[in-house]
Amino acid sequence: MNLGGVMPPIATPFQNSKLALDKLRGNFQKWNKTGLSGYLVLGSNGEAVYLNEKEKIKVVEASRESIPGSKTMLVGTGMESTQETIRFTNQVAKMGADCALVVTPSYFKGSMKPQVLYEHFISVADSARMGILVYNVPQYTGINLEPEWVARLSEHPNIIGIKDSSGNIGQLSDIISLSRKGFSVFVGSAPVFFPALCVGAVGGILAVANVTPEECVHIQTLFNQKRLDEAKTMQNQLTPLAKAVTTKHGIPGLKMAMDLAGYFGGAPRLPLKRHGEGVERELRDLLVQLQ
Amino acid sequence: MNLGGVMPPIATPFQNSKLALDKLRGNFQKWNKTGLSGYLVLGSNGEAVYLNEKEKIKVVEASRESIPGSKTMLVGTGMESTQETIRFTNQVAKMGADCALVVTPSYFKGSMKPQVLYEHFISVADSARMGILVYNVPQYTGINLEPEWVARLSEHPNIIGIKDSSGNIGQLSDIISLSRKGFSVFVGSAPVFFPALCVGAVGGILAVANVTPEECVHIQTLFNQKRLDEAKTMQNQLTPLAKAVTTKHGIPGLKMAMDLAGYFGGAPRLPLKRHGEGVERELRDLLVQLQ
Amino acid sequence: MNLGGVMPPIATPFQNSKLALDKLRGNFQKWNKTGLSGYLVLGSNGEAVYLNEKEKIKVVEASRESIPGSKTMLVGTGMESTQETIRFTNQVAKMGADCALVVTPSYFKGSMKPQVLYEHFISVADSARMGILVYNVPQYTGINLEPEWVARLSEHPNIIGIKDSSGNIGQLSDIISLSRKGFSVFVGSAPVFFPALCVGAVGGILAVANVTPEECVHIQTLFNQKRLDEAKTMQNQLTPLAKAVTTKHGIPGLKMAMDLAGYFGGAPRLPLKRHGEGVERELRDLLVQLQ
Amino acid sequence: MNLGGVMPPIATPFQNSKLALDKLRGNFQKWNKTGLSGYLVLGSNGEAVYLNEKEKIKVVEASRESIPGSKTMLVGTGMESTQETIRFTNQVAKMGADCALVVTPSYFKGSMKPQVLYEHFISVADSARMGILVYNVPQYTGINLEPEWVARLSEHPNIIGIKDSSGNIGQLSDIISLSRKGFSVFVGSAPVFFPALCVGAVGGILAVANVTPEECVHIQTLFNQKRLDEAKTMQNQLTPLAKAVTTKHGIPGLKMAMDLAGYFGGAPRLPLKRHGEGVERELRDLLVQLQ
């Protein structure tokens, strides 16, 4: 498998707080026409923590039907328990996903020493019937996987890459330089997409790509053409919106921006709540400035 | 309900990584003979994050059968989603639990503003068919609920108390002084049990009480008798073991100490692993020093 | 020397940003009539970091003249460099101070390993011509000295105590229980003065004691008389003001509260600035509530 | 003034813990033959916090004599107090420095709100008789100056640039994109020198440039020639040494590496101490690998 490019961690649409799979299919129809290289299903931005397992299965099924074979289907399958992670990963593999994104377990932070995390990923990789990518997202988990340990994991034939959302370019650079050749390193933070490409990332798994996929793809295209100044300028234009739909306004902001950009966003699940008019105006302004 | 005293957040026994409910019943037989005032089922130390829902139900059932009416049965029911928390809380209420412990949702840390958390707890309390206690455990969740907001929550007739595991005695003191009279404030950190009693806590929900329940109860008894120096001395004797079975060696340490003290501890679920001989020696020494 | 009781880290008065020693003498006249057991000169709250060495000497001289022999004169003498700390400590000793408070050096945080800090304090203690107290104040220095290391330092005959301003009662309790008998442990955080006394602190070095010395002393008196509930109530009454003049409004808040309480506070040095009317009203209200 | 390129924050040589200015002159003779664009005197790595003011003056004098007019002489002049910072900055200006590096005051962290820091820098810039650069180094100060505030400061005609040592490339990118054109943004963290150049930094003030100036300069030369892959490779080769002489082994490591590379490093001042043979071997290996 040749991974790379821009993938959105797709939002999960709800209506009256119930899954709205038709809305999800509608979003895919539009996304499929863009230069996105694939999709992350059941990622953090997919509100996976608010879905029970039946709902997760339905989202995977609907996504599998909507994602063409030419695009990667990556699914978030990580749980706290090793055996549950293996079980769910293989269930998703059977449903036709291409690869799985496995987050670092994190609840018992003090016990999640590097060696414990290492063995967790090795166990999952040994048993998984598809390739897995490690998911490092310290801002949610409070756990950071050091580059030396990622490099060790990269030696496993079934651990094919990583999504690093730390936003730390020095760390990303170390991961790339220490891991085996061919290990696919994705950045998970849109405001540093351009510098991530400079240090050798193969692509980005970016929340804002739910909203403005073409702009994200364009940064990588410009970079590949060595048009660095233009890529940097495009990045600077994208950054304010990228921050607004993540750190600043969270998933409610992401979904609102999707609505404004012609996708279905809708309301998140409680305890998250739709933002008010002030945020809507701010997001609309940011979208206008991008055009 | 008149809450107070010492409760262990009970460990969940596994054999070959399967639930071992007979071992749980055996533990209850011994604990029931002590001065423990009740039990927290499905708490952090119960490895609730490693149990699927069927397993959780079984643990609640077995606990309900084993806990006498004279002791409080508190069950951890908090989830990330508000509606799932309500659903599970009421399922547990139907099974005969006395009250529920609801952790702060925390995955989307940036979005979990005080007002969002406040509304989550109010929604759960409005719909729950039993009293709830708020669970504040920043070392696991990365979220801290400030005393001012706890005080506001304490005004709700169905929010009957809090377990604060921050270990911050200043904060505990503020919670007690700002909340309504009769609101039950438990400390969730054994090394500060004695000072927590001094500032007005009604009791402690303490991991080490799985191992040495009588010693924990004795601290509170001495305090109630105004024998402060003896209570302080007892605390100082307990503290090294209390740290060893939490921050230092985690749940694997807790379970190993239970084995050494005559309870069934056994192995935790992966990715957690049983500790080796070095830790066993350390724990045995700490237990010996307590006698 | 028998240390204990309540000492204020005295504020340094300025007029037109010049030292106002007459105002300092005026403050001492009032403080000397209270039950304060001594004074910390050139502490953090004395804006020592804004004084050059000539000014520091003048403040020490004026304080020496104003402090009666019956009260302890403790002077902050810690610097980043070991040799400068020794030099200044001995200069202050010659001027008649009773003992010195030596802060953990902290600029090169990554290099300030426990062993490095340990050797720094041992070197200073070996050469100092008066007893020294260790000053642990992680909120300013970013460095925390663990109880095990404090215990080792307490074995040195010339290291006579510690001011721990971490606000962490568990840590304070460990320091007291691990250090040699007779080692004087002061708490440096007024909102936890009462629980600090419960776990065995000999006294408090408290910013708010600049403003309301008698109330602080009264907490300790009540505690010594085993009137715990009254001591706790007094603490709860003091806490809001204690926070306002430290974490909430900083040194400008402390000085403003001193003005309102009949002492000379005046303006701090730039970049600190006097607060406006809103804070003044808030502080006045807090003072009124205390009476 | 046209700032840019690579500058080392020069180490201050001691012999028997006394200033060794002849050794400093010897170092300058070698550095002056390289492509370094200038020098930072009295930076963090110059152990400025361990020098008294007389010593600082001597170091500035010796540096002024050794630095040719073609290279920038930047001097660290920031202190906690605004008025002392102005006084010392102008003293240094009179001695012929080109510009001053002014660190964020930080002792009273809670009070150092953005507006307070802003006014501090504006006051210094208003009164300084040379241009100033802001110094943002959160790992030492515990304070971070947000890009929005740097942008506001960049509007002042006498605030000509910034050294940002956060290591955060997203932040560096924001500073560059938000500040006025011509504002000189230096990165202060060698492991991210290459990505910093990609996002538009004019150069780097890099500890490791004390040891291997040519390698640092070479990265920028390759970058300017659009030879991105070679620049990235050079960066990856430099990174392990760059980390060893900063975060990993601190100033003692930096000075030891200087000795190994043919400069005078010598011992740091206490409480810092020379490392042992293990570190020496590690540093020698890293230097060998670079050739």
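Which chain is which? They are A, B, C and D, in the order written, and residues in each are numbered from 1.
Simple rule for what comes next: contacts are C-beta pairs under 8 Å (C-beta built on N, C-alpha and C of every residue); 3 or more make two chains touch, one makes a residue touch a chain.
In this text the structure is predicted, and so the values were computed from the model without any measurement.
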Quiz item: Greatest Cα-centroid separation from chain A: which chain?
Solution: C
Exercise. Give, as an integer number of Å, the spacing between the C-alpha centres of chain B and chain A.
Key: 35
Quiz item: Distance-wise, how many Å sit between the C-alpha centres of chain A and chain C, to the nearest whole number?
Solution: 50
Practice problem: Spell out, as numbers or ranges, the residues of chain D touching 2 or more other chains. | Solution: none
Practice problem: Could you classify the connectivity of these chains, where an edge means two chains touch, as line, ring, star, complete or other? | Solution: ring
Quiz prompt | Inter-chain touch pairs (all) | solution = A-B, A-D, B-C, C-D
Self-check item: Of chain A, residues touching chain D in the complex
Solution: 167-170, 173-174, 177, 189, 191-192, 194-195, 198-200, 226, 228, 232, 235-236, 239
Self-check item: chain D-facing residues of chain C, complex
Solution: 17, 44, 49-50, 52, 80-84, 105, 107-112, 116-117, 119-120, 123, 139-140, 142, 247, 250-252, 269-273
